[in-house]
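Okay, so chain A shows up in both of these, paired with chain B first and chain C after.
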Partner chain A sequence: MTDIVQSLARIVGDAYVSDRPEEAYFYARDPGLMPPHKPDCVVVPKSVEEIQEIVRLAAREKIPVVPMGAGLALTGLVIPLRGGIVIDMKRMNRILKVDEMARHAIVEGGTSQGYLKAYLEKHHPRLRHSIPDSPATATIAANVMIHGQGRLTQQYGFNSDMICGLEVVLASGEVCRIGSGALSPDWFSKGPPLPDLTGLFLGWFGATGIITKIGVKLYPRKKMRDVEIFITDRDSLVPGMVYELTHTEMVEDINIFAQPKPMIFKDNHHITLFYTGDTEEEMEFKRKTIWHSLDRFIRSKDGGFMGVPPAMKSTLLDMPQRSVSRFADVKKGGGFEYSGPIIMVDKYPACARKILELAEKYDLGYSGMARIIGRSHAMMYGFAFTFNRADPDMMERTRQALHEVSVFALEAGGVFWKGTADEQKMAMQKMDPATRGLMGMIKKQMDPHGIMNPGNWEVTEV
Partner chain B sequence: MKYADIVHRCFRCGYCKFTGDYTDFNCPAYRKFRFETYSPGGRMWLIRGWLNGEIKNSERFQEILFSCATCANCVEHCVFTFSEDLVNIFIAAREELVAEGLIPPQVRDYLKAIHVNGNPYKLPAAERGKWAAETPVEPYRDQEYLFYVGCVGSYDERAVKMARAVGTLLMKAGLSIGILGEKETCDGNEVRAMGESGLFEQLAEQNIRTFHDMGVKKIITLDPHAYNAFKNDYPPLGGEFEVFHYTQILAPVIGGRRILLKECPLTVTYHDPCYLGRHNKEYEAPRSILKAIPGLELTEMERNSENAFCCGGGGGNFFTDILGKGEESPARLRVREALDTGAGVIAVACPQCAKMLEDAVKSEGLEDRLKVMDIAEIVTGCLS
Partner chain C sequence: MYSLKFDINVCQTCPTGDCLVKCQYLHLDRDTAVAEMVKIGKGEDSFVLNDCVTCYACEEYCRRGNHPFYLITEQRQEKRILTAPRAITRQWINIGEPQGKYRLGEVNKRALSFGFMPEFLSWVEGRLFEDVMPSYIFGQEFFCNVVYIHFAETNIIKERLPRVIDNFRKLGVREVIFLHDECYGAFAHLAPAYGIEVPFKPIHYYEYLYRRLTELKDLIRPLNIRAAYQRPCSSRLSSDQHHFVRDIMELIGVHLVERTYQDENALCCGGILGMNYGYDLAHEVQQRNIDDMKAHGAEACIFNCPACQSTLERLVAKQGIEPMHMIHLCRKAIGEM
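Up next, the complex of A and B:
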């Protein structure tokens, strides 16, 4: 490996390659519960050309390469399961272009969500992107690579639906542009009217290529933003409430949370509704429309809007919501993990009951959180459990609970979101064999030597 | 190790690396080295691995721990309830390494020099007060304030000029000040930050004794690092004094027009010292002085106040230079940020920042476009 490290040092410079135990220890892990696996080395490149050279070297030497953003998926997607080279992308964080009128940005593959948000607020205050609630260090490329969701997901779908082009380094080291950018200087479409090739990369977790540039669609940023919370203790009514709310087309984002603490939250489902406007009149109109959409539930005494205290409002309006990370330390243990299947909204009651059952069975702290995708087309239901990193027994109980979630989610017709390597296998086992075969063909063509984030989406292992 | 019951609680979410508005990565060590291991979260996880025996104390591990500038950006932006302890945790880990005797040679040499000479420059104590020779500043007898200059202000060529400017200006403002000269010894702030708690206590007790013997009640410090030690770390050891950074004394003087200033058409950007700003929440006094100068335009860097980017000199790095080298060194990045404001002057309020940034200006080849000036130097140049 020494020769490899020297070769990498020639590519990225001595300072940006390491095979030392400290980096091996850290990059072997993510904040979740997956067992560690050490990389042989870690590199922090600065350019597309450097990544091309790294991949060519890896292909020549048949060494795995694992691209990494902030490593926050929690499901082990950037743990180098077969060792090799971890490519930490975060030095490639330039915002290359913002087209105000066409409402899109082109950013490098290691650009963080927080940096794009700050940049837009400063230079293009009328534009925003669909920021997720993962920490601000999470990268835009990694988020779309896992089909992440964000603040605009209820309106526009998965964050990966909101892209307008990719630049990708293939397993051969070639660099390839996807979308209108393949034949035009303008990145206005990820595919149409061409064949949409983004599907060769999105959702593949780096197993088919490394995103080095990404076109992100931007949306109007309104001057005002507010939040309301509708509470019900009847989980079975939640899908109907969501249907009414999405019918208004007035809501920016719909999240539903249920958690045991503080005590007054217990057994309730908090439908959190964000809305925006440019004037007080617009806000008032939307607020009233949202309220009235749920009149029948209020009349039947099945729920009501709560007064949101200023501190809570401030927490909820924060983007990204820092309070999400704080959930990790509820047990003073620094850990949480969630399984977040994408599933039909009518499964909300079953999911909400399942998390209660598992929290009780395994004696775990929990938070159930759903984010509506599209106009009630689906939801991500997060079965989140907090654990103490210094308590191996609690960590094991959390693993078992999450495994039960995986089984439940598949049986309920859901699809794993950013699934662990084991969940990927479970999904492929259940998958239509023809679809699985197609995935196998794609993977074989895209990564003939099996060097791209191996251990993920390996059809042959099924 | 102290805080061993906390280190596992880091989720490594990375908020600690950023400014509050996510404008840029703001941890100086991470910004330079770019491996996650050099970020606060990286340190937390490595310390845990080390305590668990999963990794060993190595040169790399030492570099990771001692490259922390103790700038407290992580303390400011970490989202967890233990955020206040982050820098203390890193110092506690350093204490363990110091106790083992396995530390970077630069750190060892610094600590030895302080132990033997009372200053890191290995210069005689008799030379401590030499900077005051051509100033009206006199030895401390029974003046109202002790003007504590510290090692850098006493011995470093650049910082000495700053000490002269501050001392002279305080006198001109009619303040009753005196210096300890050869009786002064190291305040110990960096000794503590580098993990030699025993030596720190020894220095603190020696200073406290001297201050008590001399009848000192009020102290003005040149250096925010000394200010921090006297204000926060000396009281538990019996050293209760009224402590001021010199900008806190000068602000009402200048604001109250007790010193007359002429028109000074300068464009200035102010660099917050971490030990005055984030550690002690004093952001306004230096700015109010600059704003009170007629004709001076104060223009802020993108990262300022609680989001200010450290020059890379804190936590002992001023002396060890672990963070200081190369194009991506924090001081050079900071100078480029200052240049972006269009200012011709970077105002500083710390002798360590002055030296770090002045060297960076030279390394960047910007001597004809940017000047690093202490606030007292700026005021002196604007005296009517």
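Up next, the complex of A and C:
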């Protein structure tokens, strides 16, 4: 492997390549539950050209390449399942352009969520992007790659719906632009009115190409933002409540959670809804409309708006919301993983009951949390368990619980979000064979040598 | 001894029906008021059991020794007529559940009780409190649980209060100054009325503040501001202490504006109204209340209860009225803020 390391060093410089055991240890794992697997080496490129050369080298030598952002997807997607080269994208973190009037930004493939947020707040205070609640180091391209969801998802869909172009390095080492940017200097559309080619890359977890630039749509950032929490003890009523709330078209983001701790959250389902406005009048009008939309549930005593204490409010209004990361350490030992199928909102009660059943069966700390996608078009339901990494038995119980979640999610008509390699296989087995065949054809064409994040979306293995 | 008796004969001869005639939410005439109270007293159904919004005020409006609000509450509980959405009731019951997370200062014979209001942990400091602090008590284990009257759940109070009193007993305190008048009402009146012995002397913090301000008279600089007072629902449980509002304000040179929703006629902050009945009622009451403060030229709104303050402070401040807790007002008067 030293020849390869030397070749890589020639591409990126000595300081940015390593096959030392410390690095191999670190890059062999993610913060989730998947078993580690060591890479042969790690490289941290700075430019598109360097990535092209790395991929050409890998293609020549038939060595796997695994692109990595912050490694926070938690489901083992950056673990180099067949070894090879981990391409850590973090040095490619420039914000290349912000078009205020056309409301989009073009950023490099390793740019973090936190950096774009801070940059916009400073230079373009009237603009924002759909930030997820992952730690701020999570990267924009990777989040779009896994069809993440963020603060604007209830309004505009998956974060991958909110992009306006890609630049991708293909398995051949060629670089290719997707969307209006393929023929125009202006990145205003990811596809339409052309054939939308983003589908050749997004959701493939780097198994068809490496994103080096991404156009991110930006949205108005209002001056004020507030949060309300509607609570109910009846899981079966949650879908109807969400329907009413989404009907108002006045909510920014809707998250639902149910968890046993702390005591204030015990026994209830919490529909957390955020709203924004530029004036007090706009805020009050929205608040009133939102509250009124749930009047019938208040009248029937099936739910009510709880008083949100000031400390809780400021935590909730944080972007990203740090409480999610704090949950990771509830059991001490910093273990946290969630399986988050994308599923219909009417499955909320079934999901809520399932997580209770599993937490009891496996004696685990849990939080059930959902984010509404679109106007009640779907939701991500996160079956989140927290565990102590120093407790192998607890880790094993978590693994088993998550496996049961996977089986349940498929049976309930859901689709895995950022599925593990095993879940990808389960999904492909259940998939319409013609669709699976089409995926196989695409993968074969896009990655003839099977070097792109192998172990993921491998149709041939099904 | 204080008791929660209710005698329908007293209602039957009542010339005013004040309890429900003065009620700011039901708008009844004398005859209807008396007739409905009699019905409730007999354990019969009454629309009042559905429509009362739990403002506590009729406890004070009745001057004939009856306890209309307790009766309404007991009857609701008996008939399982919910005041709040189930989830809200459940949440509040859960919040009050002891979890071993209480905090104690260096508790001696005299202590301050913060109930279960974390605000006091940072608000209580300075010379006003120097002769008691750091003897303080905070946490669910010492929480009076009276708030459950809002949810027609007096059973919870009856079940938890003896344990809470026992926790106080174990501390060996002889005198406890309560910073929330719901707690004061619980230990001064409610517990004895339920037949529970209270092994210490409860003191309302207004009485304590008044005494301390008198002792520190030389430090007082009259504040010369016009203030409105937001009276909390639970002060109706100890209306004998309400005079201290005026006494304190006079002492520190604060002009209490004589507004419409004052004293007996005070309006709810709207917190419970919003949770239990939704936007319209809470908004209408809050609007009326704040318009009244403004119309009477209040420069500040003084709160007794941190929960009322957290509900109203933003709305009050938007009208250019400074929200302030009584403790902060008093500390300001002696130059500490």
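Following the convention adopted for this analysis, the second predicted complex is superposed on the first by the 462 of 462 C-alpha atoms of A that agree within 3 Å, B and C clash if a C-alpha of one lies under 4 Å from a C-alpha of the other, contacts with A are read in each partner's own complex, and residues count from 1 in each chain.
Everything below uses one rule, namely that contacts are C-beta pairs under 8 Å (C-beta built on N, C-alpha and C of every residue); 3 or more make two chains touch, one makes a residue touch a chain.
None of these values were measured; they are calculated from a predicted model.
Peer 1: Just from the overlay, do chain B and chain C fit on chain A, or is there a clash?
Peer 2: Overlaying the two complexes on chain A (C-alpha atoms) leaves chain C and chain B fitting together cleanly.
Peer 1: Between chain B (first) and chain C (second), which, if any, makes contact with A:Ile298: first, second, both or neither?
Peer 2: Touch status of A:Ile298: second partner only.
Peer 1: Name the contact category of A:Glu22: first (chain B only), second (chain C only), both, or neither.
Peer 2: First partner only.
Peer 1: Which chain, chain B or chain C, ends up touching more residues of chain A in the combined arrangement?
Peer 2: B
Peer 1: Touching A:Thr137 in the superposition: chain B (first), chain C (second), both, neither?
Peer 2: The answer is first: A:Thr137 touches chain B but not chain C.
Peer 1: Can you work out, in whole Å, how close the C-alpha atoms of chain B and chain C get once everything is superposed?
Peer 2: 17
Peer 1: Following superposition on chain A, which residues of chain A contact chain B and also contact chain C?
Peer 2: none
Peer 1: Could you pull out which chain A residues touch chain C in their complex?
Peer 2: 231-233, 263-264, 266-269, 280, 287-288, 291-292, 294-295, 297-299, 301-307, 309-310
Peer 1: For chain B, which residues are in contact with chain A within the complex?
Peer 2: It comes out as residues 8-15, 17-19, 21-24, 33-37, 42, 45-46, 49, 54-56, 58, 60-61, 64, 79-82, 326.
Peer 1: Would you tell me which residues of chain A are touching chain B in their complex?
Peer 2: Result: residues 15-16, 18, 20-23, 25-27, 29, 31, 42, 44, 70-72, 88, 90-91, 112-115, 117-118, 121-122, 135-137, 322-323, 325-326, 328-329, 332-336, 388-390 of chain A touch chain B.
Peer 1: Sort out for me which residues of chain C touch chain A in the complex.
Peer 2: The touching residues are 82, 84-88, 90-91, 94-95, 97, 99, 271, 274-279, 283, 307, 310-311, 318.
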